[in-house]
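Once you scroll down, you'll see the structures, which are given as structure tokens.
Both complexes below contain subunit A, partnered by subunit B and then by subunit C.
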Partner chain A sequence: MPNSRRSGTTERYREAVSAYFFLLPSLVVLSLFVFGPLVFILAVAFFDWNLFRPEQHFLGAANFVELAGDELFFTALRNTAVYALGVVPIQTLLALLLALAVNQNIPARGFFRAAFYIPAITSSVVTSIIFLWIYSKPGLLNYVLSWFGIVGPDWIGSPKYALGAIMALNVWSTSGYFMVAFLAGLQAIPVSLYEAARIDGASSWGRFRHVTVPGLKPTLFFVVTLGIIGTFQVFDQIYMMSAGGPVNATTTLSYFIYISAFRYFRFGYAAAAAVVLFAIILLVTRVQQKIARPEAP
Partner chain B sequence: MTGRVRDLSRRAIVLVLLLVATGIFTLPFLWSLSISFQPAGDVFRWPIELIPDEVTLQNYRRLWTEIPFARWLLNSSGVALAVTLANLFLDALAGYAFARLRFPGRNLLFALLLATLMVPAHVTLVPKFMLLNALGLVNTYTALIAPAMVQVVGIFLMKQFFESIPRQLEEAARIDGCNRFQVFWRVVLPASRPALAALGIYTFQGNWNEFLWPLVVTTTSDRFTLPVGLAMFRYEFRVEWTMLMAGAVLIALPTLLIFLVFQRLFIQGIATSGLKG
Partner chain C sequence: MSRVVLFSSNSGALIVLLLALSLFGCDQQDSDSLRLTGWISSPVEETLTRSFIDTFERRHPGLPVHYEPITANYMDKLLLMLATGTAPDVVMLEAFWIPLLVDYDVLLPLDDFVAQDPGFFPEDFEPALLDAFRFNGKLYGLPKDYSTLVLYFNPAMFAKAGLAGAPRTWDEFAEYARRLTRDTDGDGIVDQYGYCHAEAFEYSLPFVWQNRGEYFDAQGRAAFDEPAFVKALSFLQRMKTDGVAVMPSDVGAAWNMDAFGRGRVAMAISGLWAANFMKETYARTPYRVAPLPAGKQAASIAFVAGYAIPKATRHPDKAWQVLRYLTGPEGGRIWEKSGIGLPARRSVTRDLELERDPLKRVFLRSLDHARVWQFRVNQRVLDETQSALQAIFLTGAAIQPTLADLKRRLERGRLLQADSRSRESQNRSEASR
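Up next, the complex of A and B:
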């Protein structure tokens, strides 16, 4: 075939052209709504940008300087840190325990798995409404506490407890999701490893420590990464339950960004805060990767 | 013998703990269901009666007559369906290019897409809103649908699936003279029903529950989706618990039914999208 080389290159060329056609719609959508905004937000952060004015003023770093002196911003940072540090370890541990329990040889495993997963597929608006009822002063939680002679507070109305109460709701609603991730991880560990450990005389704790734990490392990494990104974005429950209050006790970074833009219409300022949020997430996940990166297979 | 007893008692303890956990995870839903059938009034009477003395449909009726619940239901369904169909087609199309076609920039592009999974919604929220505002699209269905038409997770899921199916059928279709799109449309998609079903369910459920974006991009009640409408109802009037719970039940019901019917696909979806990187 004398022409094979030429037709080989045109074939390659055609393949690439069709690939770009296949990708075109996705790339247009992602460019408009993800890549473009990522670039644009870096610009907006340096402006005093207000949608209700025809022209915008360049500010330089002034938005960032103002953030550095904004007490509410630091409250939001602190609340976000407390939120993530509280929720991520607890939901990860709970998800792991649930997965280990459901993975045992017990009746009705599918039923339990489904039951734990239901909060994760339910609208956050719905779970927020239900927990508002549970947490209210005459609500279910205080009724249960009254059995033990405890007079509970109005949980969401108290600056001391509101954030913790929303954190508990978050653990409740996402543990089931991560349990499924751990279950998949558990089932991916080869049975032969457990048998080898048994032959070597490992106790059940030894098998857990030396087979299960190392085998779950990639899942753990995934669960913690998603947990961090998720908790840094918590918004729906805060909007629904406490609107950032009382006295800003539940104002998180994402809520701060939202009110800066959509209540005070300070888009440049909100963009600057969003840039800080993104930088923190990148930093935290990078540190976490350094500590716990699963070895590439 | 003692080993067996110990094993049995350990399993019994695990079972009891699991039952307690089941109560914690599911009873809140049963209570909200129960409250939604109570007559308006005191919802804090203890102990709770899961089956109220007086069962009424009044709360559900009022959702239809006193607030634009039907409109929100229509908006939510329409938007979620449009978004799901768009994702099924576009994610599969892009996933197929990554799975089967060679082109310059393939690895770079794929890495770029994966990197976007780290971008939180709040980071792109403000510029996304400004773009739609500049285009005069705030408070339109386009604004609700367009940004959600493609998901990187969906592209990734479809790519993984396409890589797992044999190439023979596609090669045969090529020899028969189909072009690449025809191969994709007539041969690959029909063979991808399980993956498409998983993606469709995942997308529908995610979009149905979406709150932040519809909250910022809709401004009038006739464009609200269900979660936004119910949130506004909570803030606009004094808290009407029985009606709120009826609304909550109706929002939760479709995702719950879909989950119970297609459980296996949900679990698979997480397992493949999240873990087998």
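Up next, the complex of A and C:
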């Protein structure tokens, strides 16, 4: 008996060793490119960090103080808030509606599921360029509007419409992705619950309200959380389509961080803004966790 | 089990090794050859550079040149390469960047090379262009070519409006624009405008200078809220509100010469590169060029491109050999063929008889009253200025308040210091307080 137990621990030990061997490549890559920079940025935020100098100067909280007086930073904060508040509810609702639709027994269901998902797997650079054409003054959108006698503006070139236009693009491109999440959530709800509800005489609205919605709660939490994080980080569409303009109408927080670092070469300042973004996302996710605690269905 | 462990450790080691190789692979270069980079503004430029390298290598058998063009976001990449000491040995550079890069201390001063090279003749360069690469008394690059901004106009539209030649004054400019704004097909909607103004700051600056205004004065103080600057922008904004001038996006064009090429406008301002663009894209739209209309004085702006040697180069002497050829008389003649810039050397201009070229001589003569596109200010200041101009030209914002607000923003962010160093030291002293 003792013998076999000893061999059991050796076995477990060897298993652990081999497990870590398997994990090693990912651990190395992750710590080198994800965890390392993550911790490092907290340090950089307190420095006047310029790649062009061999030595960096410690500033204390000066970067944060400067951020507090930087109007462009607050413009970026406001744009980001508008972006998140506009995009997250619409894309979540749209994703839910799409999921409910393609969860029915409709003809060509597979086709619709794929069609709604394609924007999510298309490169954001490609979709940005396509939407630049759609949104341009002689573009597709204004052509359609002209049928109704409306003379449309240059959507991306106008400070009034640029942010909204990019938000619409974002809703279009991510709704399909979250639709799949909702679809998985819908299919995880046991059919027996619907049957029980039907036997109890629940209407279709009642079944949706009391079976589907509670059953989708964990998925909803997942979708909203990822949606908030995604919208707070929006960058590629902005970079490709409007470069933060016109009149800073589309300068979001992540774009502000990018130009501070790679255009103005103020890495410490950019890191400080990134830390603020991190704190905001953490806070919002916390609040959201309090409101909609994920539970098992 | 043991087989699995063996396998996993192998694959782990293999992946780490591959990763390491791919990382170090980036840094691996042929240490013998000299690296040269540049942007590519037209295919012809790349062809010329390659033929130029061939000629150079034939003359200098022991000096292979490796050409690494950067096809997009040139300065983003070059700045990072300069910051990390990985930039090529010879880099193409717009004179615009000289103050910033000298401030960052990443360029090699060239004065000693020039002084010890009797066959180079630096006095042959147009003085204004050479000066654009000089900073604090030292030379940090050499000009290759340049272009000034001139007025492109459509002679067919002018003839229809009964106008003989290009406008010479602001009054004529506005009046001609009014007469050239027409509803050509009689549907009640204007489809031809007088002038297309580009929103980029460079295109408004000549008007400011023509009005004896300044962006920053000789002492480095912000002067963009003063009447001369404000009035120049008012003149342009009024043409737009009067409906005789448009921005490119108003007529669905990508940029002002696109609007001109499509025949939506009769006048636009651009550089020599636009002549190339017209030939390639809108060959059927007739055009002529003239000096910019003058305000209180004649003024234009010059964009100067050249080459520099990063301080981190391991082969400064070899790099000079390439640089002196690229910016020498022979190199100048090759560049001229590209048709996107005028030669920086007077001898080349003379030999090619550009004074007789009806197109190029307009650009050439505009250099007499042109100033180089270069400011000793923070990039953020220029970007904020650009945003203010967008507000003025795209949303019709009132000029005086917009510029006053710009000044207030910049002062509040303490962005009006000339260079980053004084600003950094101020930051530090504040942090230590």
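Following the convention adopted for this analysis, the second predicted complex is superposed on the first by the 283 of 297 C-alpha atoms of A that agree within 3 Å, B and C clash if a C-alpha of one lies under 4 Å from a C-alpha of the other, contacts with A are read in each partner's own complex, and residues count from 1 in each chain.
Simple rule for what comes next: a residue touches a chain if its C-beta (ideal position, glycine included) is under 8 Å from a C-beta of that chain, and two chains touch if they have at least 3 such contacts.
Given the structure is predicted, the values throughout are model-derived calculations rather than measurements.
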Subunit B versus subunit C as contact partner of A:L93, first or second or both or neither: neither
Touching partner for A:L51 - first (subunit B), second (subunit C), both, neither: both
Which of subunit B and subunit C A:P107 touches, first, second, both or neither: first
Touching partner for A:V287 - first (subunit B), second (subunit C), both, neither: neither
Touched partner set for A:L145, first subunit B, second subunit C, both or neither: neither
Partner chain in contact with A:S136 - subunit B first, subunit C second, else both or neither: both
Partner chain(s) touched by A:Y264 [first = subunit B, second = subunit C, both, neither]: second
First (subunit B), second (subunit C), both or neither touched by A:V213: neither
Touched partner set for A:V247, first subunit B, second subunit C, both or neither: second
Subunit B/subunit C common contact set on subunit A: 15, 18, 21-22, 25, 29, 51, 136, 138, 262
In the complex, subunit A residues that touch subunit B: 12, 15-16, 18-23, 25-27, 29-30, 32-38, 40-41, 44, 49, 51, 98, 101-102, 104-107, 110-119, 121-127, 129-134, 136, 138-140, 143, 172, 176-177, 180-181, 183-185, 188, 218-219, 222, 226, 229, 232-233, 235-236, 239-240, 253-254, 257-258, 261-262, 267, 270-271, 274-275, 277-278, 281-282, 285
Residue ranges of subunit B in contact with subunit A within the complex: 11, 14-15, 17-18, 21-22, 24-26, 28-29, 31-32, 35, 43-44, 46-48, 90-91, 93-94, 96-97, 101-104, 106, 109, 112-113, 116, 118-131, 133, 146-147, 149-150, 152, 155, 179-181, 184, 205, 208-209, 211-212, 215-216, 226-227, 230-231, 234, 239, 241, 244-245, 248, 251-252, 255-256, 259-260, 263, 266-267, 270-271, 274-275
Subunit A - residues contacting subunit C, complex: 11, 14-15, 17-18, 21-22, 24-25, 28-29, 48, 50-52, 57-60, 62, 66, 69-72, 136-138, 154, 157-160, 245-248, 259, 262-265
Residue ranges of subunit C in contact with subunit A within the complex: 1-2, 4-5, 8-9, 11-12, 15-16, 19, 76, 79-80, 82-84, 104-106, 247, 249-252, 378-380, 383-384, 386-387, 390-391, 394-395, 409, 412-413, 420, 424, 427-428, 430-431
